[in-house]
Structure formats: C-alpha cells, structure tokens
C-alpha cells in the first residue's frame, strides 16, 4: 500500500465523474428555472451560476483546506490556512488511505459537491432573493456550514503509515454516507427550510397559481441531473471498480423506482401522472439512493427509490400545512429524501454486497447501524438549520435579503438582472415579415 | 485468460458509456418532444420517462436474467427466474469470454439499451396513446420482445473453461451487429410500424399541418443523442481499446456523412436544407453505423452514413404513400437505417480493420456475410412486427390504446397529464409589470 | 519507451474526452442560437451542424493527414495525400512521442477541435450569411487555415527511435499552447473579425435592439460548453494523469474567476449582473485558460480567469467603437480571451507545476517565454486574419456570401431553411381546446 | 362599413377561413385570445396542487366588410364555427367610419 | 349593446375578473397587449449595451354588455383595476350593432 | 372620440411609433396579430413535406384620439407604415362613446 502509483483507469473515471458532477449544477439551474414563472427564470439560473463562481474560488483559497486539510487534527474541520493548491500536482489522494488518483482530481471532484449543495438551497427562495444578498449568503454558508460538514462526513483522514489522523466526526463514528445524503441533501434541505422561513412567503402564495413556465426545461434539468448523478454516486468510490458499478446500477434503478412511486401516488390521488411528477420522482430517488448506493443490493435500491418517490410526493404538500413557502420543494425532496435514504442503510445495508459496509436490520445487523445513521441525520440537520437561520437573519437585518414588493411583482429578472428570459414574439422589433 | 482481473481503464470507459447511453433516452424525449405540437410535448416526453422507470425495475427483477442468464441454455432466451442482482457485485462479466469489467457494469450498460429500444417506438404513435396503455405495452413488449431478442443478438454465451453455452441464436450464426442495428433499431422500427397500424392515423393527418413546435428542442435532442451514442457504439466494445477507438471514429464520421446526405437530398428536392433535416440525418447516420461501427474502415463509415442520409430522407415520405401515420418516422429512420446498416457490413466489412470481423463483398469475402446479415434483419423484423401487432391489438381490445377524439383535439398533455408544457405569456396570472 | 502498450485508462479518458468535445459544438449552437433573434435561431444552429458534417468528412479524406501526417517533414503542414484512416486501427498515437492510446482516438479527439474552430467563427456573421456560402467557406477555411495551423501548434512530430521529424513550426519554437489558445481561439477570433468585415453590418445594427431571444438557451449552451471543455483541456494531456487533473482543476477555477470578473464589471458599470454576462464570462474564462491550463497553478488560473472576465467584458464594446458588427462577439471573447490566455503563460507559467513547462516572469523565468507566446499569438492572428479576408472576399465576389435585404428582414430561417424555430401558440392550427 | 369580430374555438379557424374565402372574403386578421364564459376551464396539477385555469384558448378574428355584406358574412362565420357545444364563441358587428389601405392610400370600401 | 375594451396591468386581471363576476358579468375575452404611454418602459442590458424597452406588458379585456349595464360595468372595471400609479390603463366603450352566439345562433342581448 | 386600429408590418412598428410621437400622440396599445390577404404566406418544409403557412405576422396598433385628431392621425400612420408593397396593412376608424383613465377616473378626451 505504501508504494501506491497512479492508476490511469481510476483517474479516468474520476476525471469523467468530476465533469459529470459539474454538469449537475447547470442541470439544477434548468430544473429550477423551468419551475418558476417566466419573470424569474434568469434569477433562478443566476443563483446557481454565481454559486459555481464563488465556491470555486473559495475552494482554491481555503475551502479545500478547511474541508480536507490535515493541519487541525480536529473532527470538526480540516485546517485553516490559504492553499492555492499550487504544489500538489503530483501528489496522490490521501483520505483515510492513499488512492491512486491525483489529489487535484479529488479536490476538483469534491469541489463540485461543494458547489451543488448551496445551489440546491436556492430552490426554497425562488423569485424573491436579492442577488447580491444571495452571493454573500453563498460565501458565508459555504465557509461556515458546508466546508466543515463535508469534513465531518467525507474526511476519512490523513493516513501516514498505519496512523490515520484528522478523521471527520461522523466518518469517525462510522456513519455511512456514500455520496452525500447528509452532507449534501439534508444539509441543503435544512438550510432551504431555514431560508424559506427567513425570507417569508411570496406575494400571492396559495392564492395565485404559480405554474411552471416550461416543463420541457424542467425535464431537461432532470435529465442532466440524472446523467450527472452517475458521476456523483459512482464517482464517490474514487475508483473504477465493482463498488462504482454497484453504485451506478443502484443509482439507475432506485431512480426508476422513485419515478414509478411518485407517478402512482399522483395517479391515485389526482387521477393523472404528470411530467413534473416524473421529474420530481427522479430527483427524489436520486437523493435517497445517494447515501446508500454502495451499501445495498440493487433490489433494495429499487425499494428505497420506490418508497422515496411515495414519501417525497406526499411530503411536498406539507409546506401548505405548515405555511412556509419552500417554493420548489427543497425540503420535500432533498430533506425528506436525504433523511429516508440515510436511514434506509440501517435497514437494507449489507456487508455481503459491500465488504466495507455493515449489516442493517434486514440483514440481521440489529439497530446499531440505524442508530449511527440517525446521529448523522440529526446532527447535520440541526447544525445546518440553526446556522442557516442565523446567517439568513443576519443578512436580512443588514443588507436585506428580500427584494421589494415592486421588484417581486414586476419580476426579479427585469429588476435585478435587467433582462428578460425570452423574446420569442415574431413581431418583436426587427423581426417578422416585410 | 482464466485469471482475468478487473481492468480499471475498461471499467472507467464502461461506467462513462453507461451514463452516456442513459442520457440518450432524455435526448430522445427532447428530439421527439420538439417535433410534436405544443399540446403533446409532455406526453411525448413522459412515454420515454416511464419507459426508463418500468424497464429498469423489470431488469432487476427478471430482465437481465431473461436476456443474459445462462440457466436455459437456449438460443432464444437466457433464463427464467428472479434475480435482484444482489450477489454479483464482485463478479466479472462473462459473455462468450470473461471481460475484466464488473458484471453489474455490463448489466447497467445493457439496461440502457433495453430502455431506449421501447422508447424509440413511441415516436410512431405521437399524440394519441393512452398513457396507462403505453406503460402496460412497455412492460409486455420488453418482456416478450426485447429481452429475448437481446439474447439472440447480444448473448455470446457463458464461458466455462473452453466451453461456451447459452449463446444467442443470431450471435451463434455469426450475424454481426456490434451495437444493436437489429436488436435495437430494426426491432423498434418494426414495432413502430405495427403500433402505427394498430392505433391508426391522427385526426387531421395529411390535412392539417403538424409542424414541430420547437426545432431548438429537436436540435438539443439530436445533440444529446449524438453525444450519448459514442457510449452506445464505442462502449459496445466493453473495453477502452482500439476497437472502441474505431467505433468512436466511425460513429462520428458516418453521422457527418449522413447529415450531408440528407441535406443534399433536401437542397435538391425542396431547394432548402433544413435543421430538421440535419437532425434527422444525424440520427439516420447514427442508426446505420450502429451495427457496423467496429467492422468497417472510417472511409466506409462515411459512405455508409452518406447513403443512410439519402435513403432515410427518401424513406420518410413512404408513409404518405402507404397511408400509415408513423408520426415521427420511426420506420423511415430506425427501420430503414437499421436494415441498411446491418446489410452494409456484408459490403464493407473488413477483417483487416477488425480481426474478429469478416470480409464483406468489397473485400472479397463474397456474399456469405451479407446472407447472415439478411437472416438477422429478417428474423428480428418478422418477430418484432408480428409480436407487436398482437400485443398492440390485445391492449386496444382490452383496456384501449388510443385516446378519445376529444382528448386528441384538446391535447393529450392537458387531458392525460393535467399539465401544459409552457406558460410563457408575460401577462399570465401573477406575471408582468406593476 | 519503445515497447509502449495500450493503456486502457488513458484510452478511456480520451474516448470520454472526445465525446465531451463533440458536445461542445451543439453547445455552441445553443449558446449562439439563444443570442440571436427568433428569426435566425435555426440558421445559427445549422452553421454549426453543417460544420460538423463537412469537417468530419474532410478529416477522413485528407484533413488528419494534412494536420498530423509526417510525409512532408515540413513545419507548416503535415502531408498531402488521401488517407481514409483505414489501416490504423491498431496503431498507437505518435506525436512527438508514442502515447499509449490508439491513433484513431487521437484522430477523433483532434477532429473535434477541427470542428469547433470554424463553428466558433459563425457567431461573427449571425443572421446574414448564405448557407451554401458558409458551407463552402468551412471547407476552404478548414483546408487552408485550420489544418495547417493545427500542424504548427499541435504536431509535436513523428518520433522514430530518438529522432523526431515533422514538428510543427510553433511547437518547434517552444510556444506553449496546451489546448488551443492560438490554434483554436485566436484563429477563430481573427477569422471572425475578417468575416464580420467582409459581410458588413446587419440591417438595423445599433439602431434596433437585437435582444437575445432566449437566455435559457444561452445558459444551456454555456453549461454544455463548460462541461465539454473539461474534455477539451484535460483531454489535451492525452492521458489520465496528474497533468489532466491540473488542467481539469484550472479549467474549473479560471472559469469561475471569469464569471465573477465579468459580473463585477457589469455590476459596477450597469448596476446589474446579467445572466448573459455570467454565460459570457464563463466562456471567456474557458477560452483564456485553454492554452495555460496545464502550465499554471490553480491560484494563477483564478487570476487568469478573473482578468479574462474583466478584459473580455470591456472588449465586447470595442465593436461599437470600431464599427464592425461582430454579432456575437467572437472577437471580444475568443480573440481577446485567447490572446490574454496565451500571453498569461509568459507571466504565470511554472516549471514546478508542470515539469515540461517553463517559468514565466513571475517565477523568475524572464521574458523569454512571453516572447515565444507573442510569436504564436502574432503569427496565428496574422495568418488567419489575412487568409480569411481573402477567402471571404473570394466567396463574396463569386457565389455571394451575404443574403439579400429581403431575406435578412423576413428572417434567414424562413428564407434559407424554410422553417420557423418555434410554433408555440396554443391556438396554432390543430391546437387548443374543443 | 362594418367590422365583424369573432371569438372562436382555435381548431375551427381553418374551416372558418375556408368558408369566408368561399364567400368571397379575401382578407382578415387573426389574433390569439383567451375566453371566459359558460365553458368551463380545466384543472392542472403541479406536485399534487390542483389549479383551475378558467381561461380557455380562443382565436379572435376581425373582418372588415362593406355594409351590404355584413349580415351574410356573420352568417358564414357562425355556420362554419358552430359545433353546438358550449364555448363556440361570439360574433359581433361594429360600425366603421373609415378604412384606409396603407399601401395605396385607397379609402372606404375600395380599401377592403 | 356595447363593447367595453379595457387595457389593464396584467397582475390586476384576476381582481377585475372577480369583480365582474360579482357584478353578474359572466363572459369576457382576454388577450395580451403591450402599452406605450406615460408609464416608462424599462432598461435591459446585454453585454454592456443598454436597451430601452418602451412597451410595457398589458392585458386587453373585452366585455360585451347590454346598453343598460355599460356604465356600471365600466365603473366596476375601473374600480378593480386601479392602483393609483401611472400606467393603470384605459377603459373605453364602443357601440355594437349585432351580437350572435355561435353555438345557438341567438342574437342581440340574449347572445351575451 | 375615435379608436384608430391599424394592422401593420411588424418591422414598421418603430417608425410608426416615432411618427405618432412626433405628431403629439403619446399613448397607444400594441398587440400581435396574423394577417390573411393579398400578400402570400410562405412555404415551410419538414422532412420533405411542404406546408403553406398562409397567415403572415402583423402587429395591431390601437390609438384613441380626439375626434379632431382622427383624420390626421390616420394619415401619420399610413405615411409611416407604407412600403408600397403588398401586405402593408389597413387602418380603420371606429366611434368611441366613452373613455376612462383607470388611474384617475378622468373621462372623455381628458382620459386620452
């Protein structure tokens, strides 16, 4: 193990996976952008775009160090210090073991996770957040919430000889989260809930219909998310091996199960299976299988996905009951799906399927694993929710987080970005026939 | 050969290819969705989405076993029996030889083929199929038609020591189909023809103009299909090697040739080269090179593609002559392109290019190979067409396959899915200016 | 080194990279297509589509030979002669060293560069080029400009034993261009400038508003470009190794920096950060980091990108000053970004980061490297600009390059392609409710 | 001269157009509209929330005619547009004082 | 009979519709429009170039009413549509000579 | 008061708007329309099938004016919109009985 040399196959898969996960954020921008009204499409997409910009730059300066550095030897964060990532070109990845892939590839792969997590939150506050305030939020939230939480969950530590130091808190406790059920989805879902509370309801919520302005755009987003998620989940093995294959298969079939689950609920409840339901079901399945994808058998993945589709389709109505305007259902899909997926390992986890996994209840492993999973779920939820409330209110009280009533009615695209998404009219100036 | 160990490079390419092929089905949904009228976009996309859902789940339960299982030792099907795919995580692929990639990766890759084939059929019956009936059709057709036909063509058998058993019928006969000219395209094309006959013509067919509602969406679909098809064809080598490189190059240049072929026909016949023509030409080239991509030289691929573009652009008019409403030209593109591509190997096949290939007529191999190819073409066409007719009529007579006149006129999106694709109007409720 | 055998990991990454780079051209078609008015969307996309068709076919016949052949032993071009690429299936790539990847994979990868370069030019002449004239231009320009220039920059020569022959002129001079700052971006930018001059201004330029008809389409294009660009840059290492990882990371963070740079300029100058600005910033960053991505440290990539965003956002206004209608800012983004990126290596280049790189001014390497870079920039600019002017005027004087006034006003989609991009109206014939 | 305005079901437009041409009317202007009336709208469902959309797509047809043709033209439209089901639409006539053909400047009935 | 045409701010449409229904008016036709007037348009920015878009989105409402209801209907619309800020729109009344219900062929006030 | 309605070629809209403003008309409402008339439509081709699209894009302009300004306003529009080629459009005038400015409730000529 000491003399690990670069494995080009593993590296090839990680390079491809990194590209796939990057694509998820534009995918998310389309998924969200299609769901809002014509007057806020661009703002929705810009929240994702600027997140890519800000988080990438922070990552180089201190983010990777804060999440995956070793200097602190703390279970809560990696290390303080500026990095620049300049001297690490020929190093291999060390994360609880030496992986035969360049550390910069690992850093780039993990960067994509750091990007999509805050981008996910934006769905909760569609149509009403000041763009500058959002940018400030992303910078603070990534620093205070995501980077540390990523350390808790994903930092398996610095291995020197037989000693491993700097292991993250949840990783050290044996909480299983293969690709980010806690660090990404519960984290984003809890933050989305907090921000929806901080910003309050949109004007006209529950009274006006706020129909998705373009379902084909939603479907495009869902398609790109699904595609990119293979990198997210199967890439999390950090190798092109059997575990990656398992994660890939499970990602596919859980998502399929969730599509069916969500559509069945709709068919029974509303009499119609909708395309928004299919897209939403897909995302809920992808979310739920994320933590579990390398720990369960494919048949169990189908079941996890199917249940996720049912649970999330029921959960999206909760906001009307509790009266918070989680506009695009970050809570209903990512929080609920993430919680279910994380806990499901406690049921379906199997050490036969993955030798580094543990047996869940159904495989005779008892409730021990479920308990650990509940710890991960609870800790990440609580920290993210509280920290986000504080950050959110702080921004609201200082520079203001919510746009004015006028901006909201006239349209945030026009007022915040001085643009209109579409100019399709054939008689628009300069168009049409002689 | 006995001690084959996992090859991470081959596995990396197969993981990436699987993701690429998954993306083809959303790509197809956009390609088809752009071509229909505004009132049936979502239904068109939903036919693809639910196909992904249903086939993936069936694959885990019995599909992979039925197509690639060894228990039957039959040339006609793999094996009956539930699988769940649970115990195979660390096995390598055995398909007429042990491949150094995890069997689950092979299973996931092949799953994507099983998904796109029925999805392709949906283009023949745009705007008029009951959604539930379509879902039932997909489940039955996959089971009765696709899974067995995949065994005929793609199952090279179970190799134990020097013995190979369970080889599929056409594979055993030496019919060459690298990535699915018969099993995928002729199969889907024949089924599309059958369903177009079963469901009958759309109201207003030939009288009303049924212009594509969004050609940019069609172009997006074509672009994603082209991109994903590199996984489809070059992934079919199950390895990252020279054959994959050949398949990749041929896929690109045949498609290019077909774009030019189709556009030339249009320019000469109608005076205008259209974007729908370019997109259609691309797909016809991709279809035609699919069976041949690893058996011919790049210059021959250009010729095969160029002829495919010409043939298919002429073939799409046949439906008006014969009076069947193959709405989005599944027959004209996939059946005709698939037949031409499969037979073209009998002309251009070259053992110099690929040592496991055979020489076609142009390389002095005589008509033997062409004869084999014709056998594959004929058998798959006949079986798929007849079986689909039976399944289609059975569904029509029982639960009904076609929507009512009212649904068709008011729009299938609204009536079957309770949704509208777009709500772009700036004055839609809640929109626009103070 | 003599006994190089195929490396499946490197090959896997190159196969994936090739697919990624192919996707960039449809991505570009959407990026450009979204920016034009509704009446010329399809023409914009068709300029890219037909470029894919023509260049791919030429590549097989003589293009690869002209760019990367060895027969001439000239620094200016590879070799004359028809190839067909038929006999090279099992050869490995030889380009200044034997790479363990099949030569056809290298040829396919390089083909994608040959495609996107002329496609980039089309943005300069939106809405007003005869389609046939464009097709003729692409064929001539690729042959006379791109194929030779690719030889100058990318042909590291034919290595036999210890002798390397046929090295391209700029490659031989030690000009550093990792993935095409000169050969692709400066080349396309200079040609775009020339064609904008040849074709003249659009009717109504500067008087009418020519607003982008669909910014979501622009964002889609930018997203796909970004995604595909990982193949472009990280694939240019021709291997899945640490250099690829560096290129990947730098591509991401430079682009992020450029998004922020462009948006800051907008915010300060116009008071609004726009989505078109974010998309344009991203492309400018991708362009600028292209030559430098494997020669600089990640922190330097952020700086290069940030400055690119600022420079290009200022440069796009130059056309109004100088009075040329470079419609979609090929000059402002690709020429300016390409020049800056190529020169930036002379500042930030570091042999610590990449052992085959040289030290720029900031690393104590003096101005030598900057001088070489300036040579590359100047030579490619001058050759491309002059050659394109000549080709452009020749076409204009013979078959005519620009459409008539009537075609331009009525819309080039309708007149040149006999199509309309959208037919969204719910009351369009055959649509809507009973 | 009169202006006849008709609100119709969109899928009837082609038939009405043909009927008008058969009746010798060779010019008309069409635009999109949404109608509210006895005809019910429809229900759409988004993530389980049901919305009633009470505006129904319609087309709006405007035909300028000479006084003497007004009544018969209305009849032609009504006949061609009728399906007998709720929501078939309305046709109404308003007086027009002057019509000009932009191209030639012709005025009055000649301009139609 | 009269035709009342109203140009309104789009976000007021629902309120006006509700007010009309409350006043017993159960039919109307709506279409999209853009208005130019005292209300300023807005500025859009594309790659640094600023464009003034001086047309503002509006909806156009048409209501056929019996002569006797005309004045009160205008009042209902004006009341419901008013926000007091520039650009609230116009409402105007024109005479209608004949109205036909396509479905039944009914004419005059019965057709409304 | 009069309502002047004009059906115009879309690319002429800006010129007409400028001409109206120059003539002191500072309000108007614009909407999209499609026209059918002497001007031929065009042919589109989809997978070899040729379709004739006989509706041509137009814009529809509505201007309320005081009685005394009606004739001159029509002239301004006709002059600015004319290209001399078929399909330039129509301009017509109808009587208006009442106009109300929603914002203020002003009526009659003051409301324009």
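As written, the chains take the letters A, B, C, D, E and F, and residue 1 is the first residue of each chain.
The rule is short, and it goes like this: a contact is a pair of C-beta atoms (placed from the backbone, for glycine too) under 8 Å apart; a residue touches a chain by one contact, two chains touch by 3 or more.
Because the structure is a prediction, the values reported are computed rather than measured.
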Worksheet item: Going by the stated contact rule, which chains contact chain A and chain F alike?
Response: B, C, D, E
Worksheet entry | Which of B-F and C-F has more C-beta contact pairs | B-F
Worksheet item: Taking shared residue numbers divided by all residue numbers at the interface, is the value for chain D and chain E over half (same) or under half (different)?
Response: different
Discussion item. Which option, B-F, A-E or C-F, should count as the same interface as A-D once over half of the contact pairs match?
Written reply: B-F
Discussion item. Quick check: how many Å separate the C-alpha centres of chain C and chain D?
Written reply: 52
Discussion item. Counting only Cα atoms for the centres, state how far chain B is from chain D in Å.
Written reply: 46
Worksheet item: Which chain A residues touch at least two other chains?
Response: 7-10, 12-13, 16, 208-209, 211-212, 214, 220, 224, 240, 270, 272, 274, 276, 409, 418-420, 422, 424-426, 428-434
Worksheet item: Which parts of chain E, given as residue numbers and ranges, touch two or more other chains?
Response: 11, 14, 31-33, 42, 44-46, 50, 53, 58, 83, 85, 87, 94-95
Worksheet item: In the complex formed with chain C, which residues of chain E make contact?
Response: 44-51, 53
Discussion item. Show me the residue ranges of chain E that touch chain A in the complex, using the header's touch definition.
Written reply: 11, 14, 42-46, 50, 53
Worksheet entry | Residues of chain C that touch chain A when the two form their complex | 7-10, 12-13, 16, 20, 37-39, 204, 208-216, 219-220, 222-224, 226-227, 230-231, 234, 239-246, 248-249, 252-253, 255-257, 259-260, 263, 267, 270-276, 278-279, 282, 297-302, 350, 352-354, 406, 409-411, 420, 422, 424
Fill in: Footprint of chain D on chain A - complex, ascending
209, 211-212, 266, 269-270, 272, 274, 276-277, 280, 313, 316-317, 320, 329, 332
Response to the item:
The residues of chain C that touch chain F in their complex are 208, 409, 414, 418-420
